[in-house]
Amino acid sequence: MTLADPPLDAPPDAAGRVLCRREGAVARVCLSHPGRMNAITVAMWRELARLFQALSVDRTLRCVVVQGEGGHFAAGADIREFPQARGDMASVVRYHREILAPALAAIESCPHPVVARINGVCVGGGLEIACQCDLRIAARTARLGAPINRLGFPMAPDEMRGLLKVAGHAVTLELLLEGRILQAEEACAKGLLTRVVDDAELDGEIERCVGRVLAGAPQAAQLNKRMAARLSRGEPLNDEEYRRFFSYAESPDHREGVRAFLAGEAPTFTGDWKE
Amino acid sequence: MTLADPPLDAPPDAAGRVLCRREGAVARVCLSHPGRMNAITVAMWRELARLFQALSVDRTLRCVVVQGEGGHFAAGADIREFPQARGDMASVVRYHREILAPALAAIESCPHPVVARINGVCVGGGLEIACQCDLRIAARTARLGAPINRLGFPMAPDEMRGLLKVAGHAVTLELLLEGRILQAEEACAKGLLTRVVDDAELDGEIERCVGRVLAGAPQAAQLNKRMAARLSRGEPLNDEEYRRFFSYAESPDHREGVRAFLAGEAPTFTGDWKE
Amino acid sequence: MTLADPPLDAPPDAAGRVLCRREGAVARVCLSHPGRMNAITVAMWRELARLFQALSVDRTLRCVVVQGEGGHFAAGADIREFPQARGDMASVVRYHREILAPALAAIESCPHPVVARINGVCVGGGLEIACQCDLRIAARTARLGAPINRLGFPMAPDEMRGLLKVAGHAVTLELLLEGRILQAEEACAKGLLTRVVDDAELDGEIERCVGRVLAGAPQAAQLNKRMAARLSRGEPLNDEEYRRFFSYAESPDHREGVRAFLAGEAPTFTGDWKE
């Protein structure tokens, strides 16, 4: 059972998996739990963490797309596991701090741009995953929310942080206090989504988005991600941080970008660069 | 006189009051200053603080609705009192730090979900009150703003904080530097409102909103509010804070929520719980 | 060459300048680089810093409008200068920290309200300038973005801070990772703009906006700007900061604002006031 209505014909023991397919410089991470709207099991959270840790150190990668299999992004954590996996206080703490938090942190700290391809149901843990991605592109019929107030518990701190970063204080509390499910357009107006397209346009827009990311220099993307996270901490940068940041200046891609622009050519970025 | 045009037939000495009506687990707080569009007097600010302090410790309460009487939310602080109540620097400081700030702080720190029902004029101090509520639902003809630049003074720090939290830096400065009055739709697009409905739908939507809040577990709502406020401070949580947060795991409502969900039943939450 | 397509008939050595015209209490700062869509040269960044430092200490000033000459706001930094002005790491650091950062800081710290009048192309450094203004009013056909990922480098920290303040984490990364150019309406929906008007209405709306600013007390505007910046730092104010803030209470304009309001008259603000 998940936060959305489960299909009655779902095989109760269909196994959940996180699949990863590599296409050139792009990795497709797929949440897959057939018949369960990709409800995320403990095994899937762990695999998600392991997978993103591996993708993060892959220097040939340029972009990651996270998606769900079969019409939905993800219906949240698999609640059927709760009595066993988070039945008392010790296991609740373990579940949130040692299983969910590391998976979300692994996505957040991925140095490559991460795009969420959102369709169908994207609630609870599914929304938490989407909020750790850099770009959230949704089909118009997608539904988003975090109706966990009906389950009797609040959103864990390391999960709420992602919503706050993306949508701010007021929208985060709106989602959690009312437990309402939002259509994609409303979610987008509230800042939860990067953009919304017609369902038939979703894959095309994802490809265009990935194409735009790939047209840029990889280290520029990585430094932009790292600096945006760093600046949100508020304290001024020290000289060593400035120096490390600006070390890109000696990279081949920086020289190539300016050269190509002035020559009126398309740049060819290699990603070769070491701080 | 208020920041909006006062009706000419207003009795100059109509008394302002803050009324509170209890309906089961819901408290209705009503700003009432007849003929003055609920302009908020010193006595009303003090009553608002006192009232919210009392509501905050009421463990049988589940939701608070703040509204105005007779077609308006509130037209701001009662400026007729200014010559006497804030005529020199000492009284200006006292007015803002010892009268307004505690009232706004009492709303902000209320552990129960607080919904603002906004219609008519919601400006100045009225908007400041609305920004301390968790949800702001407005009628389409509502008007919002903070045109105090025409009064020759800036918004006090403890008042501005609420606007910054809800609408951010750019929108807060837009409101204060231009002193423009926004229609509800524009205010909503800028993040100042949770949602806008047709005037005839306002009470219905407030009931639905309250119903959604009441369908959730009380302690989940309280922990979500507290944690959203805590996380906005930026510093990492320590282990004791995590432990206190996750102590909900042993509550009857947490067990009931998961049990009911897995049984396909509606949960019955009691709110019985002690950290 | 700039981040947008340069017109072919541009004289390659047209000089860029920053012009300033004074009209009563309003200063018009104009980015002017004819035939180059106002691409901003090193000399222009320096002049911008110098100019805003001078405007900042001018106590007779009440509002600043920043605009571009001839159909565009600004097409970003002048990339033709890059091989010479930021060719190696030392000069890259110098360019961003000693040339761009001080110009942006001078706009940000200007005590007077600053309005950006945005039309045509507003990208890269042009967008960075706009984000340091208090209000951003754009023509419907304006285009905004920061497509520097194609140039092989990331946005410098002191430049990114302005985007984060105005549009938040998610929108800033969207702009930088995709390098997409947004139409004004989309940029406004994402919080990058204060408002969008038809092209033919742009000058009229700028005048109305300036008129609204001028209708307020100058010190109220300055204190609002300063306090919004101060509160974004998070730490509580100390008593001395409160005392300095509330010292406006003894100003003639404060007394005039309340007096005029209660008398039903339009106030006459002088700006005479010393903390």
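Think of it as A, B and C in the order they're written, each chain with its own count starting at 1.
The rule is simple: a residue touches a chain if its C-beta (ideal position, glycine included) is under 8 Å from a C-beta of that chain, and two chains touch if they have at least 3 such contacts.
Please read these numbers as outputs of a predicted model, since none were measured by experiment.
J.: Enter the angle, 0 to 180° in steps of 5, of the rotation superposing CA atoms of chain B on those of chain C.
T.: 120
J.: At the place where copies chain A and chain B touch, is the share of residue numbers found on both sides over half (same) or under half (different)?
T.: different
J.: Could you state the distance in Å from the CA-based centre of chain A to that of chain B?
T.: About 33 Å separates the centre of chain A from that of chain B.
J.: Find every residue in chain B that makes contact with two or more other chains and list them.
T.: Only 168, 189, 191, 234 qualify.
J.: Mind listing the chain A positions that touch chain C in their complex?
T.: 113, 134-136, 165-166, 168, 189, 191, 194, 209, 212-213, 215-217, 219-221, 223-225, 227-228, 230-232, 234, 237, 241-243, 245-251, 253-258, 261-262, 264, 267, 269
J.: Along chain C, where are the residues that touch chain A in the complex?
T.: Residues of chain C touching chain A: 1, 79-80, 82-83, 86, 88-89, 92-93, 96-97, 148-157, 160-161, 164, 168-174, 176-180, 189-191, 233-234.
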